[in-house]
Every structure is written in C-alpha cells, then in structure tokens.
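Chain naming follows the written order as A, B, C, D and E, and within any one chain the residues start at number 1.
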Amino acid sequence: MSDASLDGAKPRNSLLVADPHTRKRNAAEARFRAYGLGAIVISMIMLVILLSTILGGGVSAFRQTYLEIPVALDAAQLDKNGNRDPQDIRKILTLTYGKILQQALEQTIADKGIAIAGLSDKDVTGMISKEASAQLRNRVLADPELIGQTVTARVLVNGRVDGYYKGRVSMESAARDANTSPAQLQLADALKAQGMLATQWNWSFLTSPDASDQRPEAAGVGIAILGSLYMMLVVLALAVPIGVAASIYLEEFAPQNRWTDIIEVNISNLAAVPSIVFGILGLAAFINFAGLPQSAPIVGGLVLTLMTLPTIIIATRAALKAVPPSIRDAALGVGASKMQSVFHHVLPLAMPGILTGTIIGLAQALGETAPLLLIGMVAFVRNVPSAPPDGLFEPASALPVQVYNWTQRADPAFIERASGAIIVLLVFLLCMNLLAILLRRKFERRW
Amino acid sequence: REQIQVSGSSTVLPYATIVAEAFGENTDFPTPVVESGGSSAGLKKFCEGVGENTTDIANASRAIKDSEIEACKANGVTDIMEVRIGYDGIVFASDIAGNDFQFTPADWFNALAAEVVKDGKVVANPHTKWSEIRADLPEQEILAFVPGTKHGTREVFEEKVIAAGCEESGAAEVFKAEKGEDEAESACMALRTDGKSIDIDGDYTETLARIQSAKNGIGIFGLSFYENNTDKLKVATIAGVQPSTESIASGEYPVSRPLFFYVKKQHIGTIPGLKEFTEFFVSDELAGAEGPLAAYGLVADPELAATQAAVADEKTMATAQ
Amino acid sequence: MNDMRILERAVEQTEIKISARDVQVWYGDKHAIKDVDVDLLDKTVTAFIGPSGCGKSTFLRCLNRMNDTIDISRVEGKITLDGEDIYDKRVDPVQLRARVGMVFQKPNPFPKSIYDNVAYGPRIHGLARSRAELDEIVEKSLRGAALWNEVKDRLNDPGTGLSGGQQQRLCIARAVATQPEVLLMDEPCSALDPIATSQVEELIDQLRAEFSVVIVTHSMQQAARVSQKTAFFHLGNLVEYGNTDDIFTNPRDPRTESYISGRIG
Amino acid sequence: MPASWTLLIVLALAGAGYFVTRARVIAQAGGDVRRLHSRPSYHGWNAALLTALPALFLIAIWRFVQPAANVTPVAILALVLAAAGLGLALMRSAPGFRARNAVEATVKGLLILCSSIAILTTAGIVFSMLFETGQFFRQYPWHDFFFGTTWSPRFGGGSQLGILPLLWGTLYISLIALAVSVPIGLFAAIYMSEYATPRLRGVAKPMIEVLAGIPTIVYGLFALITVGPMLRDWFAQPLGLGSSGSSVMTAGLVMGIMLIPFVSSLSDDIINAVPQSLRDGALGLGSTQSETVRKVVLPAALPGIVGAVLLAASRAIGETMIVVLGAGAAARMDLNPFEAMTTITVKIVSQLTGDNDFAAPETLVAFALGLTLFVITLGLNIVALYVVRKYREQYE
Amino acid sequence: MNDMRILERAVEQTEIKISARDVQVWYGDKHAIKDVDVDLLDKTVTAFIGPSGCGKSTFLRCLNRMNDTIDISRVEGKITLDGEDIYDKRVDPVQLRARVGMVFQKPNPFPKSIYDNVAYGPRIHGLARSRAELDEIVEKSLRGAALWNEVKDRLNDPGTGLSGGQQQRLCIARAVATQPEVLLMDEPCSALDPIATSQVEELIDQLRAEFSVVIVTHSMQQAARVSQKTAFFHLGNLVEYGNTDDIFTNPRDPRTESYISGRIG
C-alpha cells in the first residue's frame, strides 16, 4: 500500500468523496468486515443445520405410542397356590405376564370385532412392548390383590408401530420388515380408531433407564442424566478451582525459569492428549491403583477433570496475560500484596476468559465418551444410583455414552432415541452454560 | 458391590443386555452392569485381578487366547469358566433397491484380494465390476464395506470367505508355487487398498449409513443386525445358502463365529447373583432356539445342554482341559 | 523559560479550518459540552485552556470523531472541516482522522518497536515510496518531537519501554509522521522537561506554517507562547474565545479573568 | 460413612476456628483493628486453614494408600490433627502475628499444588503407557514402527504397524481443520469484539459456543451423510480425484466447524481485553478499523490467540468420531485430500477397543501410538512456546 | 501562580527516612541509574528534577521496590528505610509498599467505582472500623486531592470514565487514603490546571507535617514552591542534591545550572 504517489503538498480532498487510496482501504475494510460477518453467518448456518437435524430426528423421542386395554389377571396362571404369597408370586416370570397381555389383546380384538386379513399370532404378540410384561409384573407384585381382577393396563406398543405413527415406518417398508407387517399396522390403526391407542407426550424418556435392544420404545435417559450430572458436579467442583489456581500460580507467581517452561509446555501438551488416553490413565490410577469402583461417576468425573484442566488453564492463562500490568502496579502501589492484587483486580478482569474456558471445557467434558469406555461407564445400567455423595460411587451411565450406545444398536428406533438424548444433552449443556454466560456478561468491560 | 459387572465385546453386548434386563426384572438381584469396549479391553479388565473393583464376566466374540490366560494367571485370575452362548452369523447385504447377489467365497476373493490370479499369473487385482468376476453377477461397481481390523468379524471374514475363496478359486496353489508356503497364506488374505474395499472401524450402523450414501456398496453385517433392518437391506446368499438362524445352526451357511463369555469363578460367592446370572443366561428360556436371544438373531448353540451342565458344575477351563 | 511574555504575533489568518456550531456532548446523562460555537483558523495554533474536567479533551475528540469510540458518548450540533460537515453520513471517519491527527492525553504507544510506532501512520497512508523514504520520515518526526537523540540507538526496542516523557514525545512523533492538516494535541508537554517542551513548542510553531494546530494545555505560559488564538472552557461551556493576546491581557468574561489570575479552578 | 462425618467435623472445626480466632484477635487489639498487622479475617483464615488442611491431607493420603482399611483410627488421628491445628492457631494469634503472610504462603502452596497436578497427570499418562509400550517394542521392531509406511494389523499375526501413514493422516486432517476453524473463528472473534453491537455479540457468542457442545457423533454423522457425498459428487468426481465418500477433506471441514468456538470465543475474550487506548491510538492516526485490528490489536493479543489455536489444534488431534465417520479407517499416505485416511487417535481407540488379543502387538500398539503422539505434540508445543515468546507484544 | 518565589522555609528536619547507597539499576543492558547516593529526610518534601528519561521514575520505583514487577530490571546497591535494608530477603515488599505509597506517572485507576478506587487501600489495610469511617477517609482523601467537588455526586461511576486530570487526582487520593509514611509522587500535577495544582501542593505541604514526600516534577517553579530538598538527575546520575534554595539560587554543578537556566534538556 505504499505505492500511492504523493508530491510535497497534499491535494486537499473533500471529505465527502473518498480519495483513491482511502477507497482502496475502505474496500479492504468492507471486505474485512464482510469476512467477519461471513464467519459468524457460516457458524450460525452450521449451527442451524446441525440443530435442525438433531431436532428433526429427536423431538419425536419425547412422544410415544401407548395402548390401553383391559387385562384379566388370571389367578390360575399368576398364583397357582391361590394364597397370594408374595414369595410364590415372585416366582412367576415376565414370560407368563407376556402371555397374559397377549391373551388380553386377542380378547380385545375379538370383543371389538376387528378383523384384519393376514393377521398372524406373531403380529398380535409383537404389538405390545416386552417392557409391558415387566411393568405389569411389578404392578402385581406391588399389589397382589389385583390377581383375579381385570385391570386397565396402559402399555407401550412395539417400536415399529410407534414408528408408524412418527413416519419412520410405512406400509411398504413394513412389508419388507421382518419385525412388523402391514397387518400389524392395520391392527394398530383399528385400535387407534377405537381410541385405545394414542401417541402422547412421553415423560418416561427423561426418567426411565436404558432398555435392551429388543425394546427401544422403553429406553430412556434417566440414569444417563443422573450420571452426567454427577460427573459434571465433580468436574465443576475440581476442574474450575484447580485450573484457575494453577493458572494463577503459573502466570502471576511462578518465576520465569526452565521449570515453569516445562510446566507450561506440559499443560498445552496435555490438551493435545487424545481423550481415550485419559481413560487409560483413569483406569490405571483411579481404579487399579486407588481402588475406586468401576462404572462410577466419581471416576468418570475425575478423568474428565484431568481432561478439562488443560482447556481451563490455557484459557485462564491467556486471560490473565491480557490484563494490563498497570492494574497490577496500581494495586501493588497502594500496598496490596501480590495475592491481593491478583484476587481483587486481575482475576475479575480475567473472568470472562476463565468463564469461556469453563464453558468450552465443560462442553467437551459433557460430550466425551472415549475415556469413559475404559473406566466402565460405557455401560448398560438399569438401577438408579442414589443421591450424592454415595451415588457418586454407584454405577451410572452418561448422556454421550447413551447416544453412542444407541447409535450402535441394530433397531432403527434407537436412532430417534439417540437424537432425543442429544437434545437432552444440549439442553443440559445450555443450562450449565447459562450461568457462566450471564456471569461473563457481568464481568466484561473495556478499559 | 451389589451388582454384577460385565465387560467386553460389543457383539455380545445386545444379548448380554437382553439377559441382564430380564435377570433384573425376574429376580431380586440388581440388574448387572454391562459394559462394552471390545473383547480385548473386556478380557484385559477381566484379567486385571480378583476383587471388588475388577469385572466378573467378560464377553468375547472369540475364544480367549492362551497368552491372555497366562496374563490372567499372573494377576491371580486362575479359575475361569468359559461359556459359549451361541453363534453369530455374518451376512453380506446391500441396499434393498439394488441388485440381487449370489456369491461364492471365490467371488469375494477375486473382488477384494490385493492380488489375484489371472490366466495363471499373479496380478494386482484388476477387477472394477462384479460382472468382470463372474458373468452372472450384476454389472455393478465393486464397493465393499468390510469391518475394520479391530473387529473380530474381520478375522472371520478373512478366514472363512477370503481365504476359503482363495483355495476355492485355485489361487492358493499359484501363490504357493510363486511365493512359498508362508507368503501364500498372507497373500491369500491381503485386501486391496485402492478404495474398492473400505474398512469400517465403526459398527454396523456405520456400514448401513455408508450403504445409504453409496447405494452400490455391499456391506458385511451380523445376522441380528440384518434381521432388524430387513426393510433397508437385501441379503446375499453364499454358495446358494440363504443365511438364517437355522441354516447357520445346521452348518449349511458357512460364515459364522461362536460367541463366549468368561466368568471369574473366584467371584462366585462374593458377588451376589453371579452364578444365578450365568445359569440364567444359558437357560433354555433365554438362549434356547425359542428364546428372546434367538429371536433377536443369535444362532442358538446346538450343544446348549452341555454348556448348561458345565455351568451348573462351575467347570473352569483348567478343569475342562 | 518561565516568562509570561505574550508574543506580539499577528494573527493574519482568517481562513476557517474547522467550525463548530452549537455542539453538545453527553456521556450518558452527563452533559459534558454545552452549546459550543467556535471557528478554528487555518495555519494557526489554537490553545484550549480551562480547569481539569471542563471538557477540553471531550471537545477535542469531537473534532476528529474520536468520540465515536466511546459507547456512551453522544454528540449533537454541527462541526465542519473546510466547510464540510464531518458528522455527515457520507463522511468516512478514517479519512477525517487522517486529516485531523491527534495526540492523546495519556501516552499510548503501540506495543511495537519505536520505529514501527512512528512508521505506522506513513505505512497505512502510503506516505513513503521506499524504505529509505520511510526511514527519513521516521527520523524527521522523531527529531521534530525532540526524541531522536535519545532513541536513535534503540529504534527496535519496544515503545512501551520508554520513560513517561519519552512515550509522550513518541506519540507526538507518531502523529506528526502522518502529516495531518490539523493536529489536535491533548497536553502534549505535560510530562516533558522545559527543554523538551520548548523543542516541542518549536515544532508546533513550524507546523503552523502549513497546518492548523489545536493544543490543550494547563500552562498559561505555554498557551501564551505558542498560540495565536485561545479558547477558555469552563464546566462544559466555551466561555471565551479570541486572540491569545486579548484573552491574557484583557479578558472579557469575569470567569476567564479569575482563571487566568488563578482564582477559579 | 465415617469418612464423610470426619470430613464434616473437620470443616466445622475450621469454621469455628475462623470465627473464634477472628473474635479473639479483635479482642486482643482492644477492638481497634488498625493495631493488627493483618486484617482480622486473615487471622480467621489462618486458623481455618491450619485446622482443616493437615487433617484433610491425612484423610486424602490415607484414602489413596489404604483405600479399604479401617478408617476409625485415621479419623481420630485426623480429628486430633485438626484440634491441634486450631489450638496452634489460637495460641499464635496476636496483633503482631503476620497472618496475611501465613495465609498467603499457604494459598501459594495450594496454588503450586494445583499446578503440579498437570505434572502429575503427565507422569501418570507416561507411566500408565510405558509398560505396555515396552511390551509392544519387545514384540515388534521399533524401526518398523517408526519408519514403516504400511499400517495393516492382522489377527493372525504378521501385522505391519508403521506409524507414518497415521501420522500423515493426523497432520493432514488437523491442518485442514485448522485451515477452516482458524480463519472463521478469528474473523468471528474480531467481528464480535470490534464491530458487532453488544446485543449481537451477546447472542452470537453463546450460540457459537453451542457448536463446541454438540456431541461429536452428530458431526460424524453430518460428515458421513451430508458432507461426504456432497464433496464426492461436486468436487472429487468432477475433478477426477477419486470417488471416495469419506475423505480427509470431509473430516477436516466438519472438524473445523466444531473447532470454530475454540478459536472464536477465547480470541474474542482476549481481543476484548486489549486496552481501548491502543485502538484509540491507531484510529487517531487515521487507520481503518480493520487496520487497527490487524496491526495493533491482534499482535497485542497474539499470545492468547496462539493459545486458542493450540487448543483447537489439540482437539483436532484428539478427535475420533468425526474422523472415523468422515475420513474412514484406511491408513494411507496420499496428497489427494479426497482420499480416505485416518489418524493416530482413531487407531488408538480402535486397537484398544477391538477384539484382538490384549497381549498381542496389535493391541499394545495403541500404547506405543499414544506415547509417540505425546512426544510429537510435545515437540510442537515447544515450538509454539518459542514462537509466542519471540513475537509477544506486551502492552503498557 | 506563575512566580518563582523560593520559599525561605527552614529545613529543620535531619532525621533520615530513606537512605540510598550506590544504587544501580539496569533494564536489560541499559544502565538507567548509576551510583546514586542520597538521604531522604523525614517530614520533608524532596523534589526530583531532571530531563525526561534521566531516570527519575526509575529511581522512585526503587524506593518501594516497584521495580520488582519489571522483569528485565535489576537493582543493585543498598536502600534503607528507617535504617532497615528494604532489599533484604526478610523484608515483605507488601509491608514496605504500604509504608511507602506511590502515585504513578500515568494515571492508572482501577476499573471500579471512584469510591472503591479510594477505599481499596483502607480496606485491605484495615484502616477503617466501620463503613462511616471508610466514607470519611474517602471523602477526606478526595478533598485533599481537590477532586471531591467534582465527583461527590458520582462516586459510583467508574474511575476510568474521568478526565485525564481527574484520574490523576483520583490516583493521588487513592495513595493518600492508605496513609503511608513516605509518599512517592511521579509528576502528580502534570495534567492539572493551576488551581488544582496549588490545591495538591497544599496537600503535599500538609502531608509533610507527618510524612516524607518525594515528588518528581518538570516544573522548576513547583519544585521551588513545595520542596525543601531537591535532587537533580541527569543521564542516570544524581548530579546534585541539596536544599532547594541552594540548588535553585546557587547550584554547584554546571549541569544543574544549565538545566535550571534552561540550557540542557
């Protein structure tokens, strides 16, 4: 840009018309600005695309199709001795309840006079989720007096039928599908016409535990939410204070020497360590050496803490570096100690950067599966862990793990669940970040 | 610790979860925790030692190796019960709207091997269309999604399809003549790397997704996965046999592998329900031909009764040998 | 040095360079500049004097729209440069600022080498065709700002490692190097010793030959020495504006008089 | 849980110590806090720290050394320790006592402890991989590993485990990811901190940060289903660069999107922290805003920005899911960005979670890969540190 | 206001507050202070004068170890406060700085409210027993620094939103509020108008009753007005030190003479 020729006295230009040089620079300015805006727009578009794929695929997980039928709880099958002894009733397995439900459905079909060509036994049996028999059994175990009565049971229907009402399954695909048939779907339509079958809001997706491959309709993220929550508690309680403390030491107190250089390089290097390696470390250090239990959120939390620390430290150090030295001088000059100058003045000014590091670090920690693979948290867990602190030591799953697991499953219904779990994960993340974002806005200032 | 800890193969995982779920529902024991992370990692954890913070059961899509038994022993895991739960069929499937395929192992060898025999000479694989291999195969680009080298399925595929095809097509003889015994074996199993054979490090869902984005691809799946996705996939026959639980159980369909789990006998008694879970797993109601595992795609073990007896007796591998 | 001689310099110039009409500035609710009307002449040094906090810097910043960078500030009224409204929508503040340079009250050298600090303006405005020419501009500017001798051996040291007064002179050199038509200087000599001050004053006098200079100062002597016109601000108002001689010898407003004689602050 | 009870009691004692000592020292000063060397709360803190820290350390160490042992004697010992600390603190409390210095020394000790966790982690990582790496090199020649150009593990043995194709893939993919994320992120940061209204910034920044929180599997599927075929059909095939659905480019692009917030958010904070006076200085000389940013603000913010870029690069190196789904699993050394390749990290994960014999080189290689990657990134970081040191511009 | 009357104030004090012996300061390779020996008296105002860049600020920063914060600076020699070596290992620089307060050359208010800026020192040193007492200290300090009237209605506004001169006075108020024994002021009046200057000078005179004050100034008049002792620095050397009266009327060193009469800079 040094090619603009200029002879002695500058020509006096009007302010209202830009001279060529300025025009060039203004064009560069406009380009620069456009790049900036473009960058934001690109990011936003990507965000919208990704979010819309997630939402498009996942919101349906929050709705589920239920069937309400009268079920005759046949005493002959459920309590052979007839004395309602809980021990005896316990001996009756879910298989029997499955049969009872099947009979009930057949009865209903007969009662309502539904006739569908080509409807096989398998279609009728397969209509009801396998989860239903377990629920029914639990209901009976809780109240043995029900035996012999006819109760109304609200049961989950098979994932394919559910998919039919969510547009995932069509008559054509059902014809090819080994797990359903057009006849089954017609039956569902008929039941729907009778008002017995409906697709409703599904709380249990948020509360119930994972389910096996055969019953996608029953799978939920309850335990995963708890597990993630517990882990995040650990991460939040450890990573943020430790990370900030370490950065403060390195940036403000540590003498500039070989040793601190080593630490500095070390930390940025840790950020580049693949997360699964932290899993190896966690397995070796926390489970094999320290003897902490497997599949426990405490171990997951610790591993994720170690993994998040470098992110937080790097962000915090950068933020501390950016605080002008005159602020430190000012504090020291009125007799504040180094510690006071840092905690009273420098840290608040570095807060936005620290919070950003926290947001990004936690986002990463919340979404990470690989290290959990090795410490046993990528697992099928059905028992709800108790409240902390004890719950921290009990097996739990985690949201990204649930997503990872579900995307691997054979039944396509799990894809929808996985997207649903991702939505939950994002909501979880947003809730977590909200506080940080608000705080960050409070601390932001220019000087 | 109250609940049983199971770790290991992701192929066995679906079956193990079905059993664990049923076990939790029908007994007073808590539902076992079933991890997935691969046979190797599962067995490694299993062999880490004896005690509360080690796993009780390792699932594996292959038999435990001698070196692993040694490693186990070194860590004090001496009493291991081996339980075979059944077989996993391996099938070839393509997009439902595409062509039909009837394969022989030799076709696969000729399609995917790095080097094939053409007119009696060893040449780098020149085939680009299936029809070039055998005229009655459809004229379609060769594009195969094979399991990555981490998968046990890959081993089965290499041995039972590619190596078998190598023999069948007569290429093995030529290789032997040209390269000698040792080289020939690895030449038989070397796959081409020019993008016709694509390794999949993920799982079957990834293979399925890849087929959906490249419709002319043929993927390798577990039988159970295929059975859950018959509306999207079309299965190919091998040597004229349609894969199904029956044809695999009878041994007609050649490509399958046994699935196992290993129980740490030293934990029986200290971990509540371990024995019960093991028995429950192999019971007829679950692992039998009519049980839910078979319904999901597991090929029931014809020798299930023997397995049940061994489990009842808590027979370890040492005592069995 | 410490005389209060008021030079009998004729103010021949009558061409108006900058004219402000009815200018108001608010910082949020605070009304910092009230109804200021003033005509700054070309090729003339105008001094702004007035007690601390009266709005001198604020008004100065209006003249090249540096107030734009303060979120909470709001400017009203009309300011023209060579007859063109500088707050017009079509005006490019960049071009304006290239023509109306500024030296800030707090020295703010860039965290770059001394050389790069001075060369910054010429570079972005393309004032030098070659490296040699650039070197020349840098040297000339530093000499003008009476800094050359102190820094000629350390041109590559960071400008932030200079003493307070050196930084101030560096900022002056930086502003001069861009060859603006109007130079706004906010207390350019506050951290300078008398010798350096007189050298800078000499520079200002030289600049006057071609450009128009506005200087904020707290030193009445300095105002008297260098300026031909003086404006006295008080509590945001322009109290009096006129020939420096008149203001110092014969102020019309009682407030001006009190300030000059040291009674109000 | 007796452990948690002990914990609670210790903390309660510490709290009590704070208030008692604080009150005591005020009383000693006759109510005039000006006669104290340190503020009363420092005296309080000193007592609290003295009470809590030794006991807590005891408990923590015990927990590590003897996890399952009977805790009662330890708990009692901890309580005694806490009480002793409290007693000591009370005894020492006097107006002249330099409580602030004592507290600050303790806090500094804690800060050092925290920063040494990084070292401990590194040591832990190295140690947890060293043994298996050794095992690996006992079974597999090191020169084949470091200089081998083929990666093809086999179940039956006879694997070729050369790291070079993986290393190439790692660098290639990371480079593309950075080439996407650094410009976009940096421009976004600049726009947000220099041009955008506070409203826009307040919305855009958290929104972009969501990109960092979307699980990588979503990106992976996006790469596999959308980006991969698109690149194949629109670029690779028309340009005659192959017909692979998964490619370095796919993974790099998608990963780049994920990394945008790493660059943008951190840089935005750092840029925002550059004092306004510097901008004023540049603007006052007639530079455009973009010149101000490029020539003054960015250089001043360089260390932080480099930190952000390093963080993004680190994530790129450590990412698996996007690479698996986007770039495929083929280990290949190729310049063509539309070919499938893979990275070291992916292979670490897949060999570790595979079905191989866990004592065989095919599995152990994961550890060797991990350690090698560790050393390589260490080298890169040293270079980065050097660069930052060299170009750092300290303002004020 | 613009007189150069040298007050005939007796320098009764002889008690030495700070004594420097053979002090050397390096910035990297640059030898900024050379062999400085000086005794600063208690209850006395000492002025440091000398051309810009001669090392006044540097030496001032040595006296309360603010140089510690500059990485590349290195101090040698011995400086004692009340007979105790301040560079001794056992000395807590914090305590030292609480006793030896400082006003920096560039005003550097905290990005906090005006009130908090002033109250910060008293808070950390526990100088106030109650909020009321703190309010009192704040008001007194702001009044002393001649800022109270301008900011009393906006104590909660940020200190960074003040004018240059106001910021400078804020920093003076902040330093005064901590009640140090020695107050080091680096050009405290550079941005102040004459009235504010004289008020600050008055404050300095009051402080002298109890404390020792060191002031760097470029204004010979100011040095003459407020100080009892003057030290003249030149190119890093302490050229002359003595009673202000003597220095200004009867300098011993030719360099001092030239500077005072305006010949060297």
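Definition applied: a residue touches a chain if its C-beta (ideal position, glycine included) is under 8 Å from a C-beta of that chain, and two chains touch if they have at least 3 such contacts.
Just so it is clear, the model here is predicted, and its values are computed rather than measured.
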Partner chains that chain A and chain D have in common: B, C, E
Trace the shortest sequence of touching chains from chain B to chain E and report its length in steps. 2
Chain closest to the middle [Cα centroid of all protein chains]: D
Using only Cα atoms to place each chain's centre, name the chain farthest from chain D. C
Chain of greatest Cα-centre distance to chain E: B
Most C-beta contact pairs, which chains? A-D
Note: chain E sits from chain D at a C-alpha centroid distance in Å of 45
Per the C-alpha centroid definition, the whole-Å distance linking chain A and chain E comes out as 60
Report the inter-centroid distance (CA atoms only) between chain B and chain D in whole Å. 38
Specify, in ascending order, the residues of chain A that touch 2 or more different other chains. 25-26, 29, 283, 291-292, 325-326, 337-338, 349, 373-374, 407, 447
Within chain E, the set of residues that touch 2 or more other chains is 94, 106, 124-125
Spell out, as numbers or ranges, the residues of chain B touching 2 or more other chains. 37, 41
Got a list of which chains touch which? A-B, A-C, A-D, A-E, B-D, C-D, C-E, D-E
Can you list the chain C residues touching chain E in their complex? 1-2, 4, 27, 30, 49-53, 57-58, 105-107, 146, 150, 161-166, 169, 186-187, 190-199, 218, 220-221, 259, 261-265
Would you mind writing out the residues of chain E in touch with chain A in their complex? 64, 66, 69, 71, 93-95, 97-99, 101-104, 106, 108-111, 120-121, 124-125, 160, 171, 174-175, 177-178, 180
Within the complex, which stretch of chain D touches chain C? 275-288, 291, 295-296, 299-300, 393-396
Which of the residues in chain D end up touching chain E in this complex? 31-34, 36, 38-40, 98, 100-101
Touching residues of chain D toward chain A in the complex: what are they? 1, 4, 63-64, 67-68, 100, 104, 107-108, 110-112, 114-119, 121-122, 124-125, 127-129, 183-188, 190-192, 194-196, 202, 204-219, 221-222, 257, 260-262, 264-266, 268-270, 272-276, 288-291, 293-294, 301, 303-304, 307-308, 310-311, 313-315, 317-318, 320-321, 344-345, 348-349, 352-353, 367, 370, 373-374, 377-378, 380-382, 384-385, 394-396
